[in-house]
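Listed below are the structures to be examined.
Look at the two complexes coming up: chain A is in both, with chain B in one and chain C in the other.
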Partner chain A sequence: MHEVFRDHPIREGSLIYFAGIDLGSTMTKVVIVDRDGKTLSSLVGPTGAEHRRLANKVMADALMRADLSFDQVSYVVATGYGRINIPFADRQITELTCHAKGISSLFPGVRTAIDIGGQDAKGLKIRNGKLIDFVMNDRCAAGTGRFLDVLVGTLGLRIDELGEISLRATHKLPISSTCTVFAQMEIMAWLSQGTPLPDIVAGLHDAIANRVGKMVKKLKIEPEVVFTGGVAKNIGVVNALQEYLGLKVSVPAEPLLTGALGAALLGKELTLKAMAEGKPIHEKELRLAESTFFHTENH
Partner chain B sequence: MSEEKKKKAMNRLKTMYPLRANIDQAYERSVEATKAGKPTAWSMVNWWEADPILKAMDIEIVYPENYGAVCAAIGSAQKYLDRSDAEGFPTHMCGYARNCIGYTAEMTELGHIPSDAPMGGMSNPILLLSSGALCDARIKWFQSLGRYLDAPVWTVELPHPGVEESQMPGVREKSIQFMVKELRELVAFLERLTGRKMDWAKLEEITDDLIEINRIWYEINEFRKVRPCPMHSRDFWSCMNASLYPAGDPKVSLKLYRDMYDEVKDRVANKIGAVENEKYRMVFGELPPWHALKIFDELAERGWNFVVESWAYHAPKPIDYAKISDPLERVATQTYQWLTGYFPDALKEKEYMGYFAYPYLEWARTYQCDGALFHPLLTCRTATNHLILAQDRLLNKLHVPSLIAEGDIVDLKLFDYADTMRKAVVLEEMMDHYKKVRQEEGFEW
Partner chain C sequence: MTAKGKKGFARAKELYQDRSQRAKELKAEGKKVMGYFCLYPVLELFTAFDIVPYRILGDMGEPITKADSCLPTIVCPFIRSALDLGLKGKYDFFDGVVMCHSCEVGEKAAHIWRIYMDPSYYHFLDTPHTVHEPAQQQFKGQLEDFQKTLEALTGKKLSAGKLKDAVDICNQQRVLVRELYDLRKSDPPLISGTEIIEVMVALMSIPVNEGNALLKQIIDEARGRTDGPQKKPHRLLLWGTVIDNTALVEMIENAGANVVMDDTCVGSRAYFPMVEPTENPLDGLSRRYLVDIKCPRTFREAVYGDPKKHYIKDLEHRFGYLKDYAREWNADGVILQSVRYCDIHGYDTPGLSDYLNHIGLPNIYIEHDYSEGALAPLRTRVQGFLELIG
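The block that comes next holds the complex of A and B.
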């Protein structure tokens, strides 16, 4: 079988690049950084069912945007719940450590981070860029992106319009914060009574803030608080979380990418440390089967 | 071509197997005893307070709590849990109680031991011996069995002093006096119930054996402070019941614990660890998910060696019992020593967390642990409510991080295996981080 080997020599001072890939339950994210940690390219694509294929595609697109070939990427760190399913990664690191790193690079004073993704919600306690404690949701969709995904269908809305709609609320309705299915029944009851949509949506956001806020309070929250993950794009949840915590919550410009960014930066750290110590950079020779994106020109 | 069998990362003690078999045989012995017209009692763990008395009176004992663990471990608990639920008992009740009530309801309905009951089942008792030690579910559980069984319930009480209160003048003496009085009343009751007389010489012998069993078991666990730790928590749990309940013939148990001592000592001398590549030395908090013990194999493959576990199931710190001539007082003193043995150390450190939480702190330090896996039991408040406190003290005082993985001893629906593994990987990264922190701050490990 035709195979590609990517073990090229790296000399001090040469142009080297690092990639982080975060394979989440809903979206796959890639960030490519240079030796200074500057982001050259980033991309978000749906994860879908075929993890490997989609991971390859998102990586290939990100490389294309950065005008790089895979050979020029010195180290790839994979993270996210699907991280073990990325054949071209040099190393897997958990999403919590990667998030801590990525968020700290954007907000050096961060001490607490809240990440709400497609299927989980996490609280991180961070000191000097290091993860020092964490909490994660247990097996329940309440308080995650899936909670909103399910309920927008009932409301006849799109996920990306929830935030703006909630800003028009005059009254927040109490919605069950413990069960997605029960919340759906409550919404149907409100709808049947002709309740304005903004009031229902604001209630949903409060339910998420309540659920996640309670969980994260176990960490003894300290400012600065940063909110990441796909749900952080929803201004309604950001406001609800700030209100629940009684603290200002900062949101990165692209809250989906902090895990991949952290992965890339950790890859950079590992590589530069190995170089400084004169150690081999890659623990194993990386082989890539021709079915991967590196040979798309043959397809 | 035959596939080469993958070597397991966990290296079980050879001497564990006969000890565990000796424990398991208690169930078959009780069935045989009942057939032969001999009395059998169902007894809760009472930390040696009452079982020696039953043994001295030649009453066979089976242990419904242990039976719950056995049913869970071999995947037979669900039907008993379902039966308990169907009888109207709450699902958030103690998993052991649910298993026992479901089993009893089925046995009563059939009129005999269910044919598929694990280990031959628990035979019809003449006595339900309950204990007030530690756990609040214990009183009502055995009372509830009165709906199905025609057997009296006797509850042995135990004083529960706090850390500071235990050191007040007279508290120790009065507590032990109270326990001895309780035990004398139990002896009188058993003599009435069985028509047998207490064999005091036999009680003395059994008490001596139990004290010696606990001393050896304590010493075996002291060996686990060595790197690499020679014995995993799996072996501890497999063998603890010969000391804790005490299941099996004490003479046989004593011999088997001595064999185990020799094996563990040999492992220490030859630097043989219970896990092939010991990377993380771990504390386990509370009883394990008996239905998912394979998680420890998976964690062992990642270098996790569980070197110590919850205080409640360990032998008491050894003391000199030679001057105590009354066997009932020796029994009571041993139980009281188990309950309060760590209090003087806790007081010295100004830690008032009590018997459940403080030993985690002392043991994480003396066993040089990197992290803790806490398993709060959703159906057990007693075994759970101290874990948050222990987690906080371990992190803030010793820089030892921990993971809380909720679950249950019996009900597998309450434990999320995959989620626990997902979080365990994050804990590894935190353990690596805190190892550096401890080194920077001058800790020994």
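The block that comes next holds the complex of A and C.
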């Protein structure tokens, strides 16, 4: 069995690291930071049906990139909808709190954050770096990344080309935002009429902006507004959201990573606070994941 | 109590898991078992006639397959589930049913129940939706009619004395439930929110006097227990629609909070109001059931002048009791929960949330499908809420 050093006392001034892992419905993200909160490495990989094995893999790759071993990571915070499935995590914190933390570290003046991921969309109200209120979409994933995932198939396009294509639209088509299946039927109808693709794609982006924008408006949106999640990589949705809200929307360079970043930073805060108070850092003496973690990697 | 010998919490759990066992035993002994819907069919009347009252509930673990052919899918999933169980024959042991105008869907489902299940005894209480004097008089008249149908069914004339005795027995139950709820005031509470639901469902499945005996055992057991709930960072008050299944509360309690108080109809809402002894027991009964049960299905007019100007004052009048609950049970947050499509709770939620914000009590509104399997997305909301309140 792999020997574990992580529960040894950490001395003041020694080099210590913190990892955040965000197991989303579609993508698994890892960020590793040092004690100053500087990102040393980050990685994004697809989340498969086998959450645990893939979480291990993405974590191992991120460690390799940072040239670290798992022993050197003092604290791991898991977040995202699969957070309870990560055996090597010290603690799980919801993506709501983690996103708020990660986004505030990049945009200290943020007051409203909108995150659209693979199967959910959320609005966060943030004050001085702290989450004070939130809204989330209902069970239905219409208006999220999944909505686009399903509809690109109907359009015969790739997800990463949607943004560019929509910029060529001359006339945005109204597309229903309530249901992915309805939207799909509407698209089929537009296609059969020979409607140009850019107009349809732009209509889809509007549908997302309307649905998510309406939901987030419940929080009484105040600038600065930051937009994150996989869908924030789509310039078409960014524009549509700005238009819907009538406000400028900022997007971080890596919009997928804010949850994992926040998780790593929260882990850092928890550890440094415990150290300052002279309290033990880990509640569990030995996390069951250590052995599985490395063994899985070798196979 | 029964030959099987389980007592206290274990007995409540047993009844929660197999609700109808005791009612069926009593039926085999020759007693009549009557299904009733919602809180308005007066328990004292069943009890006075020695009829076993059995509350009609749903089953969050059972997919709704039959009810969709007679109720729209966009109405209360709890009522759809209850009707579904009826259509599947799970309530075939009833000797009759008493339904009421609890809400619009409840009323429609009552009539559908009558048509599809064709019970040999059926009574519908047309419970008024307002609380002013004529409404109370009307409800009293409804109870008189209800009593007459039970007299016809049993062939027994009901004396005022017998009804007064039933009021006593039912009031005893209410006092005992309060005693039980008092044991949730300590930190950690002596009873978990999950256990409370098991106890409440058990009470609604057996005669009132047996429920009283069970409550006494449970209170004794809880006082002396060492295996009670653990201390957790938060203590929550749970408000909203019917919760007759432990899954939702279990999810909340696993997210890092103890549910220490509730305002739902399989909880304090059903038991806290007492019946005032009156010369004619029906006066006290109609007042207690119509006015004192605080369910959003009953409309209460704004009593403080201009509703806009005196908004908070009016909210205080409507929801002040929840502030008292939070204070007495030391709750630091409120979960407002509703099954999807519950209009009556939906109308009360914005005002209630405004009121809770006004008094500085953090709260979150969650909506669910009355299905065990669909609770996972709510876990993030609840956990996020707990992180947010610190």
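Assume the second predicted complex is superposed on the first by the 283 of 299 C-alpha atoms of A that agree within 3 Å, B and C clash if a C-alpha of one lies under 4 Å from a C-alpha of the other, contacts with A are read in each partner's own complex, and residues count from 1 in each chain.
FYI, a residue touches a chain if its C-beta (ideal position, glycine included) is under 8 Å from a C-beta of that chain, and two chains touch if they have at least 3 such contacts.
Just so you know, these numbers come straight off a predicted model, no measurement behind them.
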**OP:** With everything superposed onto chain A, say whether chain B and chain C fit together or clash.
**Re:** clash
Original post:
With the two structures laid over each other on chain A, which partner does A:Lys214 touch: chain B (first), chain C (second), both, or neither?
Top reply: neither
**OP:** State whether A:Lys273 touches chain B only (first), chain C only (second), both chains, or neither.
**Re:** neither
**OP:** Kindly list the residues of chain A that each of chain B and chain C touches, one partner per complex.
**Re:** 81, 93-94, 96-97, 131-134, 136, 138-139
Subject >> Residue numbers on chain A that touch chain C, as the complex places them >> reply: 81, 93-97, 120, 131-134, 136, 138-139
Subject >> Contact footprint of chain A on chain C as seen in their complex >> reply: 367, 369, 374, 377, 380-381, 383-384, 387-388
Subject >> Touching residues on chain B, where the partner in the complex is chain A >> reply: 395, 401, 406, 416, 419, 422-423, 425-426, 429-430, 433-434
Subject >> Residues of chain A touching chain B in the complex >> reply: 81, 93-94, 96-97, 130-134, 136, 138-139
